[in-house]
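Note that the chains take the letters A, B, C and D in the order they are written out, and that residue 1 is the start of every chain.
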Amino acid sequence: MNPQHRLDVLRGVTPPRPHDARAIAALAANPGCARRALMDGAGVDKDAAARHLGFPAPFGQSPFAITRGNVFEALVKADGCAELLRMLRELLGLPVAEVAYHDVENVGAHLRHAHTRTLIDRAARDEHDAGTLYDHPLLSLEIAGHTAYLEPDVVAFQLGGRFHIVEIKSFAVIDGQADPSAVAAAARQAAVYVLALRTLLEELGHDPLKVSHDVVLVCPENFANRPVASLVDVRRQLAVLRRQLTRMSALDRLLEGLPDDLTFDLRPDDDGRPTRPVAELADALRRTTARYAPDCLSTCDMCFFCRDEARQEGASDLLGRQVRDELGGVASVAEALGLADGTRDPAAGQEEIARLLRNAERLRKECLT
Amino acid sequence: MTAGPEQVIRNVLADLPRHRGVVVDSPPGAGKSTLVVRAAAHIAATGEPLMIVAQTNEQVDDLVTRISGKHAHLTVGRLSAGGYVPPLRMLELPGVRVGTRIQDLGDPDIVIATADKWAWIGGRVWPWAIVDEAYQMRSDKLLRIAGLFERALFVGDPGQLDPFSIVDGDRWSGLSWDPLQSAVSVLLRHNPDLPVHRLPVSWRLPASAAPVVSRAFYPFTGFRSGTSDGDRRLELATGGMGTPHDRALEEAARSGWALLELPNRHTVRTDAEAVQAVALLAGRLLQRGAVASSEQGERPVTADRVAVGAAHRDQVAAIRAAGVPPQITVDTANRLQGREYDVTIVLHPLSGRRDATAFHLESGRLCVLASRHRHACVVVARAGIAELLDAHPSAEPVQLGVPVKFPDGWEANQSVLEHLSRHRV
Amino acid sequence: MSLLTSLARLRALDEGIAQPIATVRHCHLADRPMVFIPLKLSGEAAAPLAAMLGADRDRPRLLVVAQPRNRDLRFAWAAELAGVLLPYVEGFLRDTETVERRNADPYERAIDAPQILVPNRAGVAFVRLLGRSMRFRRADGPYPVPESVPLLGRWLTYFAERAAYPGSSLMPAMTEELGRHWASGQSGLEDANLAALLAWITTGPSDDAEDPLIWPPAGPATDPGFDAEVLAPAMESGSAERVTEALRTQLEPSWRLMWQAIDLLAGLEEGAGVASRWEQDRGSFSGMAAHVAEGAPPQPRRDGAVAAAARLARMERAQAAYDAQRAYDDPLVMAEHRLTGEAFAGEVVDTDPGNTEGEGRSRKLRPLVVIKTDDPVRLSPGTSLGTPQRRAQGAELVSAGEGLVTVKITKGMGRGRTAAPGAVPEIGERVCYTSLTDDFQGSPALPDAEATPWTHGGPPREYVPDDEDAQEEWS
Amino acid sequence: MSDRLDDLERRIDELRAGVRTAMRARDGARARVLRAELRGAERAWDALVSGERPVKEEPPRLVTVREQVHQGLRLLGAAAQPRLIVAVSAAFFGGTISSSRLTSLRRDEERSFRSSPFGRPYYLCAALTDRLSPARGLLTLSAWPLERRVVGPLSPRVDFLTCAIAVAEQETGDERADRLLVRMARNIPGAADGTLGPPHRGRVIEAARAELRVHADRDTRDRAELAQRAVAQLDDAARLFGAATLGTIKKEYAT
């Protein structure tokens, strides 16, 4: 059976969940996890699976945050992107004459992708008469055999003859600094757009490097609503993204040794409600190896299910990557404690960690009694 | 065609009076010290006093010895802190005086001290300064001494380890004067027009190593080896016994690189098997009477020409305790910076790790370890590093306004590993 | 994290209850701490939503912004907050002591200082932003705010900056402080949840702690479900009472947790170095108060080149001192260094109290002590050592091996020809030596800001608070 | 009464918890039922606490929304987004509309026009894109010449500058007007002088005109061409409210 077919079986009857830029960017969050790689590769709706298992993910977005994001984006784009033009002029020296604005969405939803291609092609062909701002473009990228459609906020052109991805985010830049994890997430997401746009240019026979690796990040400045733009170099994120996409197309290795009929299907009824017995789904998932780490709690829909599994196994992964690494090859809590208090003899190769743990245990005992 | 090394040095000297600051990037073994000595003599010849700043006492002593050896007519003052005991060889040098105060030194052509010592000096301004290992110097140190000179030559290796602090410095990130950035980064952010030269040729790294190190750690600038294939030879006088260790040494002697791969296993940092392997390699290298021949002639590889490098201090302690011949230098990457040996034996920072941290992936660390040798480098590692890199999550935070540093540690590690895999034993 | 702490975590996981990783308390705990639990509006940088605060556990004050997007209401909230915090802070300025200094004028130091406890690190960060959003405001001009607001902004900025200073107890983050004393059986990431961490320490782990319906997050972020289902409709209704009651349900549980945590910390005996670090806090606090009284401008937006270097030097020194003091104060902390071979403890098996070095006039008393230890010593000969048993003493490692370590005492054994009584440990005594020392060596001077060299951008423009500072609107 | 209050509060807490649990399990149906119950309980609580449900005070509306938008657009003299129209209306006419009120406006106008063409003195209508479809979120007046109602690539900028000039030309002491002008001026090169307070009106006008000169030729050309196409291809209704795009045509056939 070919791998693509195997992945379809894994997913079951539901159509694959489309990847958006955020989901693609998240592929790099824990590449060592086979369970996640298979679920993502097959396009399984992890959120639905986790809920059905009784372990809904702890994520949620406040309506206040959503409103704030929408209001801010509207502000940046208001009046022919007046704010954006100001920032591009200040930040990148955009010439005053460059103001042409194209709303790709004018053509209607189903033509957006084709229209984006046409406009970008025209811009790349004749940079002198090309537009400057392309609003609501729709790009695409192949992910594990499926096309993912991506919606960058704005694509800007005519900055030194190069395309720039504009990413609008509503977290604040205060005195020149922003939350580094928020910036990182924005950079990872923007890298997906850069790659998609480069792919498009290549398909059209243009130089993909016409897309700059510097993306324009637009955020509110300080405590006002006034937007401010910063350049963010996403070369690193691009490199990571390329690696992950290569991995996605090489899932065969992970499929080896799994039963041919293994599936994560939720067997939805006519109303879309899953009917598969929970225990059965859980068993199917446990056939694949997860690599739980506490970081998953903020990045993966399956986190509570995998944490529960790690608890049942008494895995030291629960305590974090660093503790796990420190313990060398000892993976279970009971084993580590056994080595520490001497009730368990070290297996071959465990002599050192056993010595270290015994030493630590001796010191703790000495100090606490 | 890029300029040859001699031309670069001439360009540097010519730029000195034209700019307030001149920066010279020097990849490993590219003649940084030679340049410093030449520039020192060049400036001294104008009759104007010169101050030289280095980062450690060893570096200062080394420069004093080199300058005095090459230009015996120059008077050199070696300024030192109270507890410092100068090595005997230095006290015997003509024209060299050692003291803890400027007044003790007479009025020499050149005054040399560490950046820490210079920070205590005041009340005088030198027309010229040379700052050595400027990429390893934290910018707050430069801030303390920059008032002492009018113009300066900054020399250093951008590929090595960045300065660090024990406290969290996020509050300064993005500032052009972030005190945790290197002296050169801060200098160039405030003075972007200063000329930056690059020494193009490594005299240390052999033809087998320069392309590997250049590709992995200097992807945009690059450098080449000053010698060609066959100019450097490493021969083992006595025959081997076919053990993996002997075969690794033979591979290294033949090709300049060897990877002694141990079975894949997650271990504690002081992995006994790996530590033992490193110690054994060091011992066997001496036993087998290695002889190095190069453009400098033929000489036996004695213990002082061999170094063992590791990432952590506890690993260094474990390796020392495992019976490495006492004259062999065993140290961390931090402390091996700027040093040179014929053969190095390296415990790979990622060996036996299950998860790589930013510390382990820092490209400068591997760069230092992989670029100390004139002839050969033997790396000891457990199998599985490729998988570990593959599984490495990337969620590095991004600070606004901080230039991205290249090369990326992941890419550099991958590049070196790929090369090593061709020399696996 | 050291292997010792990792082991404690493993043990906690196994036994279902947190394990101690300190034998004494390493932070100061004020007689009258102020508990401060702020909440912010999701999606905004620093829009306050509410705060529960007070120094009396039975009478928390609840301050609420019923319409967080209304600028006037926010500043009214800030003024109310100032009405509680400023009297608390300023109350400590009444009683002072005069401190004599070498090479400087004596100064007045407050006998006691305020301590504001927030639930977690995010709470400190939010206080910093609140401070930043208030301190440049003006009571006059086109965008006036109540007079107390900019002053409060300066104090909040001060407290949040001090929280980043190693060893300071002026604004501790509760989860951090608890985490320094107990190892839970969960990851450090999960420890940031106050309810979860406290459950580990008191009754054992509980999934309830992660259920926002049972234990709402301790701020500053609110639970998105609460925002959607409770807060948004309440705000929509226009009823201030309803918003207030809704927010009370989110804050009250954390309020109880905070005081429970204070009781837990109070149950630990205070470490020996805590008083001296608190003394520094008092000095710093008095300095800030003097600064304010002199009419100095508010703290700048970012540190200048010289200020940054100076602060870094102070912080590094404080970090080193804090690390060393905790090890000297607490055998369990010292044990971490013993495990890595940077310290060792054991029994004295031999001494040579009269050992000397050198001849004639340079002859020096250097008593020798031989210690038998089970610890893996990784110190090389010549390393300087200190010892918690005799803090004024200095020693040097002579040799180590086979479980025996020889040290020579180099400092603090008296000036006589023989060692002062008690200076040299007796055979049979248990001693501990470490390479960790708290010797502060002065750092060299930095240039004045006006003399910032060309390498660092030259002299900075003088700071003049401009109109833009005052005009920033809260969106 | 306090007993009832307590009971209500308990009930409210339970219901809230129930809603949030349902939301976390993405059980929308159950959440809706509980939410309805919850709103009821909350209303009862409000009634008990404050005697009566608070009524949001709204000023008496003398001028219709339609007329307010008309006033705003007439002042601006160029195609504009609801946001800007609302701000202008508030700043210069004491207007009270909110942007959300404007969303259905265009559809109502179109319906009215189709039922009795040209029955009103003016219509609030769409701006037309280069495909002659209605431009998203842009309002115009039927009384304007077509050239002013079509948008080429440069038109959004040209219209913004035109609007800025119109705003700057108004004499008013209103703080809201000043703030609007500040916001617009900072996005025009050379219009803001960096001081606090309202920018100099003449300066704004001059700066906006200077930039207008850069774009004018090409924009006029583009618009003339579009207007010609509109005249040639569109009927009366479509000229005012835009031609259906392929997508909308399809949808209309489907229903």
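Note that a residue touches a chain if its C-beta (ideal position, glycine included) is under 8 Å from a C-beta of that chain, and two chains touch if they have at least 3 such contacts.
Computed from a predicted structure; not experimentally measured.
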Note = Contacting chain C as well as chain D are chains A
Ask   = More contacting C-beta pairs: B-C or A-C?
value = A-C
Query = Which one of the chains is farthest from chain D, going by Cα centres?
reply = B
Ask   = Whose Cα centre is nearest the centre of all Cα atoms in view?
value = A
Remark   = Cα centroid separation, chain A vs chain D, in Å, comes to 35
Query = Tell me, which residues of chain D touch at least two other chains?
reply = 24
Ask   = Residues of chain C touching 2+ other chains?
value = 223, 225, 228, 302
Request  = Send over the residues of chain A in touch with two or more other chains.
outcome  = 60, 176, 295, 322, 326-327, 356
Listing of all chain pairs that touch each other, if any do = A-B, A-C, A-D, B-C, C-D
Message = So in the complex, the part of chain C that touches chain D is made up of which residues?
response = 141-142, 212-213, 223, 225-226, 228-230, 233-234, 237-239, 241-242, 245, 249, 467-468, 470-471
Query = Can you list the chain C residues touching chain A in their complex?
reply = 1, 3-4, 6-11, 13-14, 20, 23, 41-46, 129, 132-133, 185-190, 210, 222-225, 227-228, 231-232, 301-302, 331-332, 335, 338-339, 374-376, 472-475
Of chain A, residues touching chain D in the complex = 51, 56, 60, 74, 78-83, 85-86, 89, 96-97, 99-103, 105-111, 131, 226
Request  = Under the touch definition given earlier, write down the residues of chain D that touch chain C in their complex.
outcome  = 9, 13, 16-17, 19-21, 23-24, 35, 39, 42, 45-46, 49-50, 54, 56, 195-197
Request  = Can you check the complex and tell me which residues of chain A touch chain B?
outcome  = 28-32, 173, 176-178, 180-181, 183-184, 187, 217, 230, 232-233, 235-237, 239-240, 247, 291, 293, 295, 299, 321-322, 324-329, 349, 351-353, 356
